Amino acid sequence: MSKGTVVLAYSGGLDTSCILVWLKEQGYSVIAYLANIGQDEDFEAARKKAESLGATKVFIEDLRAEFVEDFIWPAIQANAVYEDRYLLGTAVARPCIGRRQVEIARREGAQFVSHGATGKGNDQIRFELTCYALYPEVKIIAPWRIPEFYNRFRGRKDLMEYAQQHGIPVPVTPKAPWSMDANLMHISYESGILENPKSHAPADLYLMTKNPEDAPSAPDVLEIEFKIGVPVKVTNVKEGISKDSPLDIFTYLNEIGGKHGVGRIDIVENRFIGMKSRGIYETPGGTILLNVHLDIEAFTMDKEVRRVKQGLGIKFSELVYNGFWYSPECDFVRHCIAMSQVNVEGKVQLSVFKGQVYILGRESPKSLYNEELVSPRL
Amino acid sequence: MSKGTVVLAYSGGLDTSCILVWLKEQGYSVIAYLANIGQDEDFEAARKKAESLGATKVFIEDLRAEFVEDFIWPAIQANAVYEDRYLLGTAVARPCIGRRQVEIARREGAQFVSHGATGKGNDQIRFELTCYALYPEVKIIAPWRIPEFYNRFRGRKDLMEYAQQHGIPVPVTPKAPWSMDANLMHISYESGILENPKSHAPADLYLMTKNPEDAPSAPDVLEIEFKIGVPVKVTNVKEGISKDSPLDIFTYLNEIGGKHGVGRIDIVENRFIGMKSRGIYETPGGTILLNVHLDIEAFTMDKEVRRVKQGLGIKFSELVYNGFWYSPECDFVRHCIAMSQVNVEGKVQLSVFKGQVYILGRESPKSLYNEELVSPRL
Amino acid sequence: MSKGTVVLAYSGGLDTSCILVWLKEQGYSVIAYLANIGQDEDFEAARKKAESLGATKVFIEDLRAEFVEDFIWPAIQANAVYEDRYLLGTAVARPCIGRRQVEIARREGAQFVSHGATGKGNDQIRFELTCYALYPEVKIIAPWRIPEFYNRFRGRKDLMEYAQQHGIPVPVTPKAPWSMDANLMHISYESGILENPKSHAPADLYLMTKNPEDAPSAPDVLEIEFKIGVPVKVTNVKEGISKDSPLDIFTYLNEIGGKHGVGRIDIVENRFIGMKSRGIYETPGGTILLNVHLDIEAFTMDKEVRRVKQGLGIKFSELVYNGFWYSPECDFVRHCIAMSQVNVEGKVQLSVFKGQVYILGRESPKSLYNEELVSPRL
Amino acid sequence: MSKGTVVLAYSGGLDTSCILVWLKEQGYSVIAYLANIGQDEDFEAARKKAESLGATKVFIEDLRAEFVEDFIWPAIQANAVYEDRYLLGTAVARPCIGRRQVEIARREGAQFVSHGATGKGNDQIRFELTCYALYPEVKIIAPWRIPEFYNRFRGRKDLMEYAQQHGIPVPVTPKAPWSMDANLMHISYESGILENPKSHAPADLYLMTKNPEDAPSAPDVLEIEFKIGVPVKVTNVKEGISKDSPLDIFTYLNEIGGKHGVGRIDIVENRFIGMKSRGIYETPGGTILLNVHLDIEAFTMDKEVRRVKQGLGIKFSELVYNGFWYSPECDFVRHCIAMSQVNVEGKVQLSVFKGQVYILGRESPKSLYNEELVSPRL
């Protein structure tokens, strides 16, 4: 008899494939759930793989538009940056993925959700806090924190063996000597050879951005229009291209930012549970938007409102990093920040070149800039 | 009979030359004081000019080393950035200039100090707060706030006429259509054609940094070593050059940053008195150091100490921007920040290329990073 | 010919009576405006006095209800306390008074407003910031900052003489050796013999509260009900009295607090312009409400929301103290705080006795308190 | 064979007596450690009891002086108050107790420490964070979180039975229907009949303070002298008594505060782990000192330093409440606060009466108060 139904956050990779089979072994009925948040993935192949491994149902959900509108946009409004550098690309995706997962669990009458996050990272926390917040009665199965699981799978070799025994297709290309997490907003790279904080990242690591050294030798010039603190239109001034839906805008900025090598950082950050971790990130479109939003906000927002809002933005960033998107305090702070954006409206011109974003000029019907006042006597 | 002695912050330019002569006309004995804080200036020509205009004494003071050690270094420790973007290049220079000016005033028994700052900017405030803090009995003569002066000099034309009448050498090259303030840390550009926030800055504006488009097509790779949160050595890894005095380190980072076009920003900021102002800044060495200090600090400082210190750094930046370097609260905050830097020590490797600073790796004897701890099971 | 019309904030006292006449002398047409914000005053006598002194119109405005609802209630929601002790009784009244004053000025077509505040205090700033915020074109006449006025009236003797010469009724009772400011929320006492911070306040100073030593020897027990962070009903449990309009509630709490000597403080505070000043305050009803609101808020508000909101409350208090009630930042903070109060609802029982407020118990339909959860095993 | 040596925080009560015996049963050698931090206890009886139960050693440690100097004094400097009301009497005691416990453990070569705190409260966290911070290799045995223990002792009845079976003296007086924690700074009461947040506390609950209704009908007038933000002398003005060692000062203030019923509060607070809990506290001497320190600090500290320090004090209070006394961030904040107290010096006169503290006047050689400056013209 089944122990119940689990909605498993399935990636199509080796780990979550093994988890899927292992959950079945443990007596659960498993629904595979794969969120499309913009990562580069063969979703149909993943569907077939999950079905072949015995998932009772498979949901491939295209969350890209809601990811941009409900999660990336509030982060842009907040100028969300963790510890002065990290743009939170993974952290804002987790509540988006988790929200749909518990929707499916509720709809399908599943009492359990499961994920493949490890026991040392931030993602387990972000995932689980989302689930508990939106579906308090749910039970979470985190195999990498369950002794029977982690004692059985002490290394990649154990997973490979288990895969071979259970008909799980084994990856043919060797695993990269680091782990990565990709979505529409960014790709992060960590672990493996990157764990030594002194080692330089290999040049071929980056998938989303060109090496600035190989980027075009002429800039692209864009104009981005904002309303209530979020972009509503982007125009490539020279090429005459323009985009005006949130997903199109963000995708286009990723394209331009990626082409010019924008948004690469190599940092050591403090994880929620305190330990320091080295991460390499590329966030092309997000980096452009952070710069441009800072500019239009400074242009249209009262000085002292800005100071208060800056503090709230830092608080927001910490909350999001730590997985508290769905918490009373994050709701509160997010609403306060949204309120501050009412007049953040106007157009910014910028160029993008060799890894950099250069603000060129700005204009706004809500500008608080007074050219006459600022002019000195001489 | 003399009304008393004034120490005038003299730049050698048209404005302060006219002020020098005008102060004499008003019955003051004038000491000209010109601080060398790294700006590009013919100091000997300025000395002769001041003498020829009737200054009773002329002091040309080389403050570059103390500017770096006593003012730029604390700003680096604080990660000082005003309104998320401006690195405070002018703001940190004012208390340095003012400190020496009141030293001279005290030593020379002058009851007055004077400056050529306008009545709408931040610099008058920064200057005067420094003077009052360090020499509370001093009287300040701010001609651009005195009706007899500003009504007489309603435009550049009036200054030119006055100059011709009083034997003040008139600049032969036409004035740039903007104003600038230069020192070792940065050059700022504002006013004139830059006042329209929508207008793009002309390409030939920048004096301290190369246009990234024209910068070398290969990066420089540096290693910077820190102790107690300040750089103690910079090495150009490929070229084998290294520097180890504060002034040499900073000058070299300016050279490298300038060569690669690092540190250009175009922003609208909120002045102390509330009005918004558009400024263009280039801060090559400071931008490199901000990035590198953020990295070594994150590597060696406890997470929660970092959070508290980040808040103090923002407070520090506001105080410095507003001219309160010499105030009880800025002293307090600066000491707290200094206390946080005890273990900020180690080496960061980085590359500088086409306007960007890329952190490559870091190591430290005081690192709180634990490679073993961070490593996941798989 | 008249220089224009001035709306003068008139108190009926010697100072503003002299100002009224002096403004007429200067060629202005003067409208006297006297706000009833709960101070003990013979308003009809004041009306007649103003008329007899030549005011072209006299407005006596009963602002008590709006003072409570629009100004005291937001302060209660914020737990507004300046520098850990002062409940801002004068500071919250100023924008209330000023708001009506500029309404009258606009309605009556007056280009000027005037007040009797001195040049060293906070009230001039609070008053003027309110006027400029709500009526940016207005011109403010502040006689105590105008040399012709303050050089003429160098002491109370000069005012008395001027009064006698101009038919201004002279107070028959001698002036108290301190100054006071009274309204529904509090009375403040300062200056005169209180200026020596070491001197004890005389026992007969207080007008709003009984000396706790003479207060009843049995407590009153109240129940106060809150909705969205403001009191909607107060009941005297033993006496069966209850009040449910804002003005009645606040008046009744003043009565009970006053009877038991609640809310007396003697402090040194930092004025806006930096100088320290010694003030003695009695805030009976406000002190009760601060205590009770803290209690119901802690009972119904999420822990982390509370932390963020506490910071905003401190910011709000500083802004209000400094006169920035009508500013973009205070609007923003006030709206954020209001948003935090949605669930601050319930009933608190308390006793009031000999200068103290004792919370006895609380209940709420929105309580986040979980008796079952909190219970230990044993 | 012994599993090792445990230093048990022993109170002499039923719970920790049972734990002592149970630990022996489990095969540990047990050292009983009882800290005298000012609670009312028969320490010699406790020693005998522990010995009779089989403790290999018993340490009764008088920590009162160091509790005042090293823990209460920094809290006074910080104006430490948690959530606007709680003076942290239990929270500041835990690191004091824990510090000595790990000193004993190190000295005696014990690998384990143990305590009787439950699994829902703050004290387990405060205790354990202290131990781990000061003795990172130590292992902690928390019986109330160990299934074999808490399943065996499901209620007081089980403890009583176990006691009878094992020769543990059983309390003859019935247990109060609440739990309490007492030390020199305060007594807290919670649980039992107090868990219903609506129920009023019984009048006979309080042990440290008189009911204000029964307190003397005349005040005591004190003068307290401060240096570097801590009291160095207290004088009873009328009675001529004075005290000048930290422990004597604090004890005397407890006596005076207790006599007049000062420092009783009934609150709902947010525990570290988030749940709300109702607590009743009496903190007589601490409440007097909080009021007096606020006064002398405001008198001698720069306005803007005070603002920054106020924020640090709130942070400090949260850290201490949550058990992080011994953490890098609390060290940092505590040092910053200490630095702010250099000039907090002078004398405050106050009266204590019927539950209240009234500041009467203050004087200081370091005063920033300028009587001349503050005086208005009239």
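Labels for the chains are A, B, C and D, by order of writing; each one numbers its residues from 1.
Methods note: a residue touches a chain if its C-beta (ideal position, glycine included) is under 8 Å from a C-beta of that chain, and two chains touch if they have at least 3 such contacts.
By chain, with names taken from UniProt: A, B, C, D = Argininosuccinate synthase.
Since the model is a prediction, treat every value here as computed from it, not as a measurement.
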Intersection of the contact lists for chain C and chain D: none
Chain at maximum distance from chain A, centres defined as averaged CA atoms: C
Gap in Å, rounded to a whole number, between the CA centres of chain B and chain A: 38
Between chain C and chain B, distance of the C-alpha-averaged centres to the nearest whole Å: 45
Distance between the centres, which are taken as Cα means, of chain C and chain A, whole angstrom: 50
Residues of chain C touching at least two other chains: 307, 311
Chain A contact footprint on chain C (complex, rising order): 302, 304-305, 307-309, 311-312, 315, 324, 327-329, 332-333, 335-336, 339-340
In the complex, chain A residues that touch chain B: 15, 79, 83-85, 118-121, 144, 150, 153-156, 159, 179, 191, 195-201, 212-213, 217-219, 264-270, 274-278, 294-295, 298-299, 303, 306-307, 310-311, 314, 318, 349, 353-356, 358-363, 367-371, 373-378
